[in-house]
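Labels run A, B, C, D and E following the written order; every chain starts at residue 1.
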Amino acid sequence: MAEWIVRQLPALVILMPFTAAPLAYLLGAKFGRPIALVSALLSQPLALLLAIRVSRVGTLRYEVGGWGGPLGIDLVVDGVAAVMVLVTTVVGLFVTVYALGYFGDRERYRFFWPLWLFLWGSLLALFLSGDIFNLYVCLELVSMSAVALVGLTLSREALVAAMRYMLAAILGSLFYLLGVALIYGAFGSVDMQTLREVIRGDTTGQAALALMTVGLVLKTALFPLHFWLPPAHSNAPSPVSAVLSALVVKGSFYILVRLWVDVAQTAAFPGASTVLGVLGATAIFWGSIQALRQERLKMLVAYSTVAQIGYLFLMFPLVTGGGPAAADAWTGGVFHAVSHALAKSAMFLAAGTVLARFGHDRIEGLGGLSRRAPATAMTFGLAGVTMMGLPPSGGFVAKWQMIRASIESGQWWWAVVVVAGGLLAAAYVFKVLGPFFGREPEAMDEADLDPGPSPWTMEGAALALALGSLVLGVLGQPLLDLIMVSAPALVAGVTP
Amino acid sequence: MGKVTPKSPLPIRIAALAICAGVGALLSRAVLAIPETESGLAPLVDANLEASGVKNAVTAVLLNFRGYDTLLEIAVLMLATIGVLSLSVTQKGTWDPIAAQADPVLSALARFLAPVMILVSGYLLWAGEHAPGGAFQAGSVVGAAGVLLALSGYARPAWISRFALRAAISVGFIVFIAVAIGEMIAGGLLLQYPADLAKTLMLLVETWLTVSIGAILVSLFIASASPAEELRMRSGGER
Amino acid sequence: MTASGWVFDILLVGTLVWLAVRALAEVKLFKAVVLFIAFGLLVALAWVRLSAPDIALAEAAIGAGITGALLLDAVGHMRGRAEPYPTSPDAEKSSGGDADG
Amino acid sequence: MSQTDLYTLAGSTLFVIGLYGLMTRPHLLHKVLALNISSAGVFFVLVGIARRIPGTTPDPLPHAMVLTGIVVTVSSTAFALALAKRIFTETGTAALDASDVDVEEDAGG
Amino acid sequence: MTWETTALVGAVGAPFLTAVLIFALGEHRDAARSRINLAGAALTVVAVVAAAVAARAGAPDAYPSAGIALLDIGFSLRADMLGALFAVVAGVLWLITTVYAIGYMSRASDRARFFGFFSVCVGSAIGIALSANLLTFFVFYEVLTLATYPLVIHSGTPAALKGGRTYLTYALPAGGALAAGVVWLNLIAGPVEFAAGGSLDPALASTHPGALIAIFALLILGVGVKAALFPLHGWLPAAMVAPAPVSSLLHAVAVVKAGVFGIARIVLEVYGPLGHELGVTQVLAALAGFTIIFGSVRALAQDDFKKRLAFSTVAQLSYITLGVALASPIAIAGGIAHLAHHAAMKITMFFTAGAVSEEVKAYRVSEFDGLGRRMPLTMTAFSLAAIGIVGVPPVAGFTSKWLLGVGSIDAGSGWVIAVLGISSVLNAAYFFPIIHRAWFRTPKPEWAHGPAAGKPEGDMRMIVPLVMTAAIGLAMGLLAGVALSPASWAQTVAAWEFPW
């Protein structure tokens, strides 16, 4: 049995939510809730086991259908994949627990459960896929479930936001699929491992990478293609916002990184990585400044996501040169994705608690929140530490590595961007924290409406995620090591 | 009441034109540069066709070599259905409201065509093993038949409960997953068909897929189709 | 490939492009959808030309059939309350003939 | 110029036409049409590629991909249309941007 | 784990654990919170004293340590003698302050938040004291930055929020500079552990002189804010909006001393002789000298009592900076000793400010006429502390100034004598008028007969602590020659810090 589990581990990880999802739909909301919880709980040991297994033996390759690439589809679990699965599973659990309290048994949200389980499974499938066409299907699954979840509230804003998101997502997928078509045409395979050997930066190869990059950048919402993100992430129900910002944008980014760093090894475009870096830096500034200008908490948090996505893209110029700088940029980038996932989901869940309790999320109306909802205020503050990149937080470890990579590779200006971005983040985090610690608003209407504390599961789940992002800053070393397990050749310093 | 202007402002159109020109140039250059010598995976598919259990290469790819894609694809279909249901005004996913729009000519045609289409889909399902066809084509035809029936005013038969409809929508995916897990339990990997059972299992999966695809396509239409009653009610209460 | 084959292919491709442009340029949504359905049917024909009968079958049923039905229903829904682009009869007259190409 | 070239070029053209339509046509229904046309363009590229070696049977892999793509496209289309209709029901317009509405109102009013 | 490492980890862990328990208890369980807080503080005192004992036993090269892997440096603690001194000061004063704060905050709101973050601050300060390397130091340093913010803005008034913003505007960019400096140094020199006499390879001075100077600037910029080094001092007076216990323990001891302690670590235990060779410590000394005069002059002009104390702190902190920047073991000993001495004296003064404002609502120096009659114990303690700061023997301040003066001659920097002299005159000029007013001016009628009959002069939970700290300050001066006094301790440390 144990041996069987170990052998089937990659498939089991994916099958868990994918089995639960249709059941949650078939059996309806009454059973959907327990099914989701059981699936979330059972996923934990599986993901943990997967991570342990990878750290012990290196890359796991699972040949779906027994054919093996390039004919069949392989699931590939290397260090970074295991890390992404782990973070998805952990965030997933807490979001599930939170959602149980948040949606209650309201009939209107009964579709949340199957949609969320499908999204969960799709993300795992995406992180484990070693086949660029299979990734297209995964992308579509992720987008479709994400869009459906955004629209769940059926408010006008949410519907329009979902539509905008949908159109951007489909267009992104089409760009990506075009790239896949060109790659298959020119290099005869869609299996990443095979492609790594044969892909070249010729006309078709370059065009394919360019198209796929545009598509994925659109889906990741990198500046200036971020237009769809703030409305979608801020108008979605809060557990959904949490998942979108924490995990969904990371999905397309993950594919981008796989393509560039792992498959094409950035050889195809010497200059393009700088372009991505510059766009990332612009995103940091633009997103932060927009966040500062927001009056609604969820909008602020959503723009913060736009900014934080920017950091991910600083990885590209830093990784291009190889060497120790590449390794630092790699761990820094992935670690940023992980800690941002925990912290941002915590923030959105905290915002959701506020919204659910007070019926609004206007920042100026939330004065004295630390008195009325101390756990939620604390959650926001702790998550803010990661946003700012201050120790002890996962964000700090990530930024440490990025600054290191910048200096190592002689591109010190990225270090300036990282530090300045942290300060801007501080500005928008404290724009919220200040009032939280301050006095109650003059007009106490909100307080009068205050129906009392939220279920402890909601506040607890959010706080747990925030604490998680903090713990990463001190106990993050095992994760840093895992990220480097079977890292791409460019990063690991192995000459291909 | 708002109106939608048919055109975007000129600057947007110019920018769009520039973007499209760039993408078009990049794309045309790239497709013309695709070498005519790269044979891709076709030889590999041919070499393994025997072992796949079916004779139609496309079916072999869809159900066996890349069966995992197909599994996820069914999930996409299910997701779309759930999404559409979550958006529908009634959120019930029933067939009833369409009946209001019955049309005698259409309904006569439907009464004749629907059984024929079901037969055709059965043929397509069976033929997919060695000739063009398969679950998707068969399912689409079932779906088309269902849509036709719905359009011509046939209400949901009373014996189809809401649960049964949900079951029809999800059965394809569930059977697919069950088969996949069964194969794992039997000692293989995910979706690794045992050689002697490959054909049978694939037909089993395809059959249920056909049912689901049909049900999903009909549901997509029905759930999304605006109930006439609802429409009348809403057009009365203008904003 | 034969010369007639070429002529057919080029005509087919040309018609496809023309239909695509027309469908997007057409201001009256019903017409646009009808043009699109025609486009879908010709796409199915093109799959036959490209020796892809599997796809042709699916395209005819799904691409043109189901998608067409869905689109028509959507047009109907929006008609149920208002004309697609212009929302009043006068407005339709003023912009109805404007084919944006 | 081969048949592959003809169809892949046609596919590219269709993709770009769809892209242009998506960017410039405000009506949601038009945007959905545009995406469908773009999808068809991508499928042409794929099926064209399947025939890139003259005189052989077409490569089944792109065919399978296109079949998957068609199913995905109809799913997204159905969902997008459902969204568009719901937006129309809720807001009385079928555009993303409220400004698109105002422009016409001024012109038509 | 040996008892040494247990003490080490316990010293840092106890305050954080206390904080967690306080947060978990919530707002309304005052008695339980007080008990836990006092128990936590007492436990911390035991732990830091034990750690100090262990440090002394292990000195100079077998200090107890504990750590985990993090990045390429490691997150590690070490109880050396320099760190133990600061840790003991912070721990002992925390226990006293806790008693004071329970009294002071008895009618305030948000007590759970207050005491929770207070404990976090103390834990970070002790963590800073016991950090084994720059990474660990930086981690605790930034935790301290953040945990101080809710305390500064505790009252929630617009003025408090503004003070908090000012504080962050200084502290956060400084953190960025510190981070950049630490990463950069780490890249050039490899993992940098603190070591007496400096840990950098002397060869680096010739291979990377420019980088080392830039890194030094970044690091000092980082810690200089908390050390209130001119021109980075602006936040300190603004932060006086905080409640008195915060000003007392944090703005006289934990936070600001964390800054100067950081300077000491960087100058003495990272750069060592390289600092002098590169010429950066001389610049630092000059800056410190200027800050001393500047702070004192500014203090003169303040009527607001707490602001006057704050500017005095600005000046006094630079004594410590000046001491460690001078290339002489005696001056270094003076600087380190002043870290403890100033703590005891200044906390007494801030306690006084809080007690006075709570009891008689006097906030300005000009309102202090005859206060000595009304609050005799309080003003006696204050006077004692003020005399010490001015540098009159036998109170502690004299000892450190004496060491500094001798050390400056030893280091060949005679100008420091002048600075010390001018500063002492200025100290006298801004403190003696307060003493004069309190004791020799005519009191308000209601103060003339002392506290109401049968009542103490104020909440005893506030009076007893300030008397205790004043006594400690006096004892530090009187017993400076005794082996375990801060002054002797500092001289022992300085001997290792300056082997060159």
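Some notes on this structure:
Simple rule for what comes next: contacts are C-beta pairs under 8 Å (C-beta built on N, C-alpha and C of every residue); 3 or more make two chains touch, one makes a residue touch a chain.
These numbers come from a predicted model, not from an experiment.
Between the contact lists of chain C and chain D, the overlap consists of B. Think of each touching pair as a link: the shortest run of links from chain D to chain E has 2 of them.
Among the remaining chains, the Cα-based centre furthest from that of chain C is the centre of E.
Comparing each chain's Cα centroid with the centroid of every protein Cα atom identifies chain A as the most central. Among the other chains, the CA centroid farthest from that of chain A is the one of E.
Centres computed as Cα averages put chain A at a distance of 38 Å from chain C. Rounded to whole angstrom units, the spacing between the C-alpha centres of chain C and chain E is 77.
Our note on geometry: chain A versus chain D, Cα centroid distance of 28 Å, whole angstroms. Work out the mean CA point of chain B and of chain C, and you get 20 Å between them. In chain C, the residues that touch at least two other chains are 54, 58, 62, 66, 70, 73-74, 77, 81-82, 84-88, 91, 95. Each of residues 13, 15, 19-20, 25, 27, 45, 48-49, 52, 57-58, 61-63, 67-68, 70-72, 74-76, 78-79, 81, 83-86, 89, 91-92, 94, 104, 108 in chain D touches at least two other chains. Looking at chain E, one finds that none of its residues touch two or more other chains. Contact between chains, per the stated criterion, is found for A-B, A-D, A-E, B-C, B-D, C-D.
Here chain D touches chain A in the complex through residues 15, 19, 22, 28, 31, 35, 38-39, 42, 45-46, 49, 52, 61-62, 65, 68-69, 72, 75-76, 79-80, 83-84, 86-87, 90-91, 96, going by the rule given at the top. Taken together, the chain B residues at the contact with chain D in this complex read 1-9, 12-13, 15-17, 19-20, 23-24, 27-28, 31-32, 34-42, 45, 57-58, 60-62, 66, 69-70, 73, 76-77, 79-81, 83-84, 87-89, 136, 217, 220-221, 223-224, 226, 234, 239. Chain contact summary for the complex, chain B toward chain A: residues 23, 26-27, 29-31, 33-35, 38-41, 44-45, 48, 64-69, 72-73, 75-76, 78-80, 82-83, 85-87, 91, 163, 166-167, 169-170, 173-174, 177, 180-181, 184, 188-193. If you check the complex, the residues on chain E that touch chain A are 23, 26-27, 68-71, 75, 109-110, 112-113, 138-139, 142-143, 145-146, 149-150, 153-154, 156-158, 160-161, 164-165, 168, 172-173, 175-177, 179-180, 183-184, 186-187. By the touch criterion stated above, chain A contacts chain B in their complex at residues 8, 11, 15, 18-19, 21-23, 25-26, 28, 62-67, 70-73, 108, 111, 114-115, 118, 121-122, 125, 133-134, 137-138, 140-141, 144-145, 147-148, 151-152, 154, 178, 182, 184-189, 202-204, 206-208, 210-211.
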